[in-house]
Amino acid sequence: MENFSVLWTGSGLANLSGGQFVMILVGLLLLFLAIRKGFEPLLLIPIGFGGILANIPEAGLALSAAENAIHMAKPEVLAAMGSALEVPYNAAMDITPEVMQSFKEAYKNASVEMVTAANAVAVDNGYSDGMLYSFYSVAIASGVAPLVIFMGVGAMTDFGPLLANPKTLLLGAAAQFGIFATVLGAALLSWTGVMDFTILEAAAIGIIGGADGPTSIYVSSVLAPHLLGAIAVAAYSYMAMVPMIQPPIMNALTSKKERAIKMSQLRAVTRQEKIAFPVVVLLLVVLFLPDAAPLLGMFCFGNLMRECGVVERLSDTTQNALINTVTIFLGLSVGSKLSADKFLDLQTLGILGLGLAAFAAGTVCGVLMAKAMNRFVKEPINPLIGSAGVSAVPMAARVSNKVGLENNPQNFLLMHAMGPNVAGVIGSAVAAGVMIKLLG
Amino acid sequence: MENFSVLWTGSGLANLSGGQFVMILVGLLLLFLAIRKGFEPLLLIPIGFGGILANIPEAGLALSAAENAIHMAKPEVLAAMGSALEVPYNAAMDITPEVMQSFKEAYKNASVEMVTAANAVAVDNGYSDGMLYSFYSVAIASGVAPLVIFMGVGAMTDFGPLLANPKTLLLGAAAQFGIFATVLGAALLSWTGVMDFTILEAAAIGIIGGADGPTSIYVSSVLAPHLLGAIAVAAYSYMAMVPMIQPPIMNALTSKKERAIKMSQLRAVTRQEKIAFPVVVLLLVVLFLPDAAPLLGMFCFGNLMRECGVVERLSDTTQNALINTVTIFLGLSVGSKLSADKFLDLQTLGILGLGLAAFAAGTVCGVLMAKAMNRFVKEPINPLIGSAGVSAVPMAARVSNKVGLENNPQNFLLMHAMGPNVAGVIGSAVAAGVMIKLLG
Amino acid sequence: MENFSVLWTGSGLANLSGGQFVMILVGLLLLFLAIRKGFEPLLLIPIGFGGILANIPEAGLALSAAENAIHMAKPEVLAAMGSALEVPYNAAMDITPEVMQSFKEAYKNASVEMVTAANAVAVDNGYSDGMLYSFYSVAIASGVAPLVIFMGVGAMTDFGPLLANPKTLLLGAAAQFGIFATVLGAALLSWTGVMDFTILEAAAIGIIGGADGPTSIYVSSVLAPHLLGAIAVAAYSYMAMVPMIQPPIMNALTSKKERAIKMSQLRAVTRQEKIAFPVVVLLLVVLFLPDAAPLLGMFCFGNLMRECGVVERLSDTTQNALINTVTIFLGLSVGSKLSADKFLDLQTLGILGLGLAAFAAGTVCGVLMAKAMNRFVKEPINPLIGSAGVSAVPMAARVSNKVGLENNPQNFLLMHAMGPNVAGVIGSAVAAGVMIKLLG
Amino acid sequence: MDNVMSMAIDLMLSGMGFVFAFLIILVFATTFMSKVVVRFAPEEPATPAKTTPRARPTGPASVDPDTTEAIKQAIAKYRSNHKK
Amino acid sequence: MDNVMSMAIDLMLSGMGFVFAFLIILVFATTFMSKVVVRFAPEEPATPAKTTPRARPTGPASVDPDTTEAIKQAIAKYRSNHKK
Amino acid sequence: MDNVMSMAIDLMLSGMGFVFAFLIILVFATTFMSKVVVRFAPEEPATPAKTTPRARPTGPASVDPDTTEAIKQAIAKYRSNHKK
């Protein structure tokens, strides 16, 4: 019967490409790592699931209406699309792979007006935006989801340990070297001809070294949206692997004696200081780096809601229903970028390798900075807390604490490490602002 | 005074049409049924209230800016709209009912580009989208609200009873006959000339037999948006009436002895099976029915969040704040389709009648399937759980249990009926995918 | 190095205008008032913070993509924008302040189609909508945020005291004189040439006298969006200052003996009455004032969800996660209207002065109405509850109670004052509907 | 200018008129509604039956009001102390 | 009209066929999955180790289940009484 | 290619320079802010007065901290056990 053949020719089994098969396995792997190994499950479960959905053959969930229309390639529709996208094609011509390619290229490079026209044609012909494409448009292309999550992170962050010892901000600064070392690494791969990255792509990859999910997603959505999937997956995976990546580096760079340094207890911080801190950060952003305003502004806003004590109901919602809702759609949207043609690329391998290097470089610099600071300050700093400067809150601080306890069972570094840990969040948002300013 | 005459001529009392009056009574009836009789109040209260709002004369809450401009019929605005919609009209012409009709027709059949242009003209002239129209666009026309609710339903569904006895999936399959019998019924009404339904309309009406609110709304928003109001009202009303519709059928088709069949206790299901199940369903969707991917994908995603145990905060939000918020706007949006000119139509009567037939047919097939299965399986199935295959979770399962207890006070069928009950949800999502594939 | 100069020339320090500096101080003042003085913190913290963000130099957070492109003034981009906006400019011409001004004017007065085209050009050239501009578009320009908050307020309002003594509705009516007196005051300022307000602006300013945040924001977003920032700030500030503004007026207009009037205890109100009341209000809106339907419709819907007792999960979400989320974005969006060029205007001074007058006039009329009613009713009314008719729920009712206790330590007026207090909410929504009907 | 003034006066007259008209009608409608409700749908006595249509997630009746009040206060206290 | 009828019959045949096919495959897939799971990933014994990957915000082990149950009921009661 | 390399070096220098500059300024600004706060707005003693601006929905002062702690733990326990 005709209907059965329609169902069969439209089924996944009849259309599954090798790339899609591999990407579905990647999605399953991410789910496995999240569920069994506890790898950042809040993000990797939506990302992994979204990745599988994005690779369902013929479903086109990650495609716009126009992209779906091009994929289906009905001659009369293509002809109408052709006039919208200025592709020389009429319904009598053969649909060769070259024709398809020229449509895809034309759509990718089209102006906003042409994209609008092409989608109007597609909708008139019964195509519609895929679900994940809609989520991506609303959540990420608009920039709003990472910013709302950053607001929630701000509302969950306690700057007390940082305020008690502000000089640990410098550890958060040093660890950002991971970001720029990675940019350099990507450029080097380009220069030596191993891979091909533009400076925009290099910068977006570098931000993985910031060890901060929403910042990574925000920056790559601005500078290199086509790499967003790989960058987000790398960022969250390596954040989950911080307990494996950092300890060997920390041990290699420090002596047993340094690791045993006991830090004096942090002073109590008043409520007024906690209220004033996000305002101070905001004012510095106003004065020095307007391009970091969206990220740091929302972060400080969340933190002010937390600390001011008079809007607890807003703070509660920000930390719960709102951040959870946005996390779900952010994750699924990131997953939409895991389609085979975008992810299965040599560049992804480069991104994964460079991301690992970024984390290592950030850790190295954080630890070395702590050692360097010990030459100048009278109250010595345990260099193990330097590694927490990469951010990856609160995992990196816990790693500092754990390695510290291995060397001195009485030495609790957790609160000391929280200072550089949250400083790293500010540091990478500043680095993000610089990169968007200079390249965006 | 002039102002008072403006207020009077713009008041509801001076403009209320008979249709609007009747629809306001229908809205009040839905509120009454929801509040006093407990008919699916979570949906019927927003739908009923939205229905009243949609019928407020002159308020135009359910109309787009362009529709509001056409309704107000200022000659110079109509002339500008005419050039956008290619209606031959100039400001000097009389505004006859035929002219108004031709504008309404032109707008309904216009291409996306013409609709955009007409709305731009309307906004330039001070008109704006009605509140319910905006809700509908965001919540339903985009397809997102039913999908998010389906995700929430997934997060609230326990597949344990189904996993303990997977062959009850077949009961969920059989009960979907209600869907296709209704399609046939609608076609028959068309064929005999009683009413006039296209195959798209027939399919959208059929999905009422799926006994699943979000699936019904999703399918009718794709296949027959103009019938959405009547279909949603019928779906939720009959779901609420399951305890009245099903028992007579169940008793008529079964013998006392069959109804007294005692089923052995279900085996314990491991956590790993529950985690794996949504992934298995997803993979089958990938392989066999990509068109069911949005519905079943979100459903499985919600269920995986529930079962995996590592993202409880996401699962909690999905089951509470998120689904509640979306339910409110989904309900109001459905209500926007209860405007008199769309609802007070012979078709609505047909839909209400066919919807009832759909529930009955699904119940019949579920029960008969259970009786048929008893010829092949060694562990007998109480045919009363077959009726739960229509879904209407958890109402239908409770009905099975209640009828069972009436025949054997020691026989608790609830958990056994939950298997076919949730199978029915999967079954109707599959049926929805097939219909969208073949007709969408 | 070149990069440093880019960073410097783009920094806030190098670009901060005097107006922006002042507005940042205003933002800090609002934060101070909210945190230390408890001035309506739920709104003033987001508004104040948003105000600071909107005034970050060069960040353009409150500007659309096209406005950002105009601000950056690259000749080739301006030339493209010029053809979209019909401004005579080519890339070879000098960019004088007059040219810039003509672009800004052209954009402000452009049709929807031209605005769309200009933004498409801007996006093609790498500009994007500022974060706060996006929030404003979604939350306020669409009208949705004030309506959702009004739904939440409805879900938090107990009409019991009003139902026990329905004639206190008249106090809520009388206090709306504050609204119209302010309209008259604004017109008077215009007539005498002190300031220049159109009737639309006068009406939007008047609504401050309604003492109801979402109503004020909704009306000014419809009638005078450019004044929204000043109007919202005035409305919330004066609401916070009700305990300072009202008591002197109340004491001046009443005798010691009147203030000591003891009111008999309110009768118990049944649950059915509470359920029926929002439906009654809705039906009156249907019959008499369709233009109040969005505001009062959502308000009644929220209240029905609260009282009907069968949708507690919807009611809970409406009162918590949903209203909190919307409040955050509403506040930030209002803040986006606090940019220096819009706020630092003689009109703002007029708005602040008239807003104070509005509160005073509303209080006067409420009290006098109560005294007038005492001539006709047998059960005397304590005129102190008349002031609660301005709304400002529940602050104004508490003020009535406090002033009452100062005169008679046994006289608890709180519940009696809640009647006119919530009546004031309905009253100002009706007034808003009238103004939108006659002017919108 | 004069025009603004006269429009404002018109707006005030029609606005206050309409607000009063609407709320006076509401007074009568509410009073009438209350009478109808009390007449035709008298409040059920305050037995458990009353709350049947009300969603009661899982709450068994075995917890007495005092305990409830204690918990309520404790939760309020806990929440107000939380996140300082 | 005739066309609608034949399309509806086609739709019914292919629809029911597909629904049954899909769910029968799902029966086998589920049964197979359960066997694999039971074979290769047997349920860990109910020790604390089992719940390691489960997010446990702050809950210390010192509160016994009975207390939990009491609180649970109290909260349920409290919530059902709240906002009446 | 060479171009990408030199741009990357430039980006690194200006980026790290700016990050350090910003955070060093922040160290000073924070230290200064803390001094100002301690000087001009000393923490009020821990009396009820302190928490005046803090939103206290309904919590009466009659529940002692121990009870609060017990409830807190119970709730945490309850939440971690819930929906398994």
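Per-chain numbering from 1; labels A, B, C, D, E and F assigned in written order.
Throughout what follows, a residue touches a chain if its C-beta (ideal position, glycine included) is under 8 Å from a C-beta of that chain, and two chains touch if they have at least 3 such contacts.
Just so you know, these numbers come straight off a predicted model, no measurement behind them.
J.: Taking B-D as the reference interface, which entry in C-F, A-F or C-D shares over half of its contact pairs by residue number?
T.: C-F
J.: Please name the chain that ends up farthest from subunit D once chain centres are defined by their CA atoms averaged.
T.: Most distant chain from subunit D: A.
J.: Quick check: superposing subunit A onto subunit B on C-alpha atoms, how many degrees is the rotation, to the nearest 5?
T.: 120
J.: What whole-number Å value describes the gap between the mean CA coordinates of subunit D and subunit F?
T.: Result: the chain centres lie 38 Å from each other.
J.: Could you put a whole-Å number on the gap between the CA centroids of subunit B and subunit E?
T.: Measuring from centre to centre gives 23 Å for this pair.
J.: Which integer distance in Å separates the CA centroid of subunit B from that of subunit F?
T.: That pair's centroid distance is 46 Å.
J.: Quick check on subunit C: which residues sit in contact with 2+ other chains?
T.: 3, 7, 35, 38, 41, 288-289, 309-313, 316, 320-321, 434, 438, in rising order.
J.: Considering subunit D alone, which of its residues make contact with at least two other chains?
T.: Correct list: 11, 14, 18, 53-54, 71-72, 75, 79, 84.
J.: Contact residues on subunit C for subunit B in the complex?
T.: Subunit C residues touching subunit B: 111-113, 116, 142-144, 147, 275, 279, 282-283, 285-291, 293-294, 297-298, 300-301, 304-305, 308-311, 313-314, 316-318, 320-322, 434, 437-438, 440.
J.: In the complex, go through subunit A and note every residue touching subunit E.
T.: 1-4, 7, 35-38, 41
J.: Where on subunit D does subunit C make contact in their complex?
T.: The contact residues of subunit D facing subunit C are 1-5, 7-9, 11-12, 14-16, 18-27, 29-31, 33-34, 37-38, 41-43, 50-51, 53-55.
J.: Using the touch definition from the top, list the residues of subunit D that touch subunit B in their complex.
T.: Residues 10-11, 13-14, 17-18, 53.
J.: In the complex, go through subunit B and note every residue touching subunit E.
T.: It is residues 162-163, 166-167, 169-170, 172-174, 176-177, 179-181, 183-184, 186-188, 190-191, 193, 197-199, 202-203, 270-273, 276-277, 280-281, 283-284, 288-289, 309-313, 423, 426-427, 430-431, 434-435, 438-439 of subunit B that touch subunit E.
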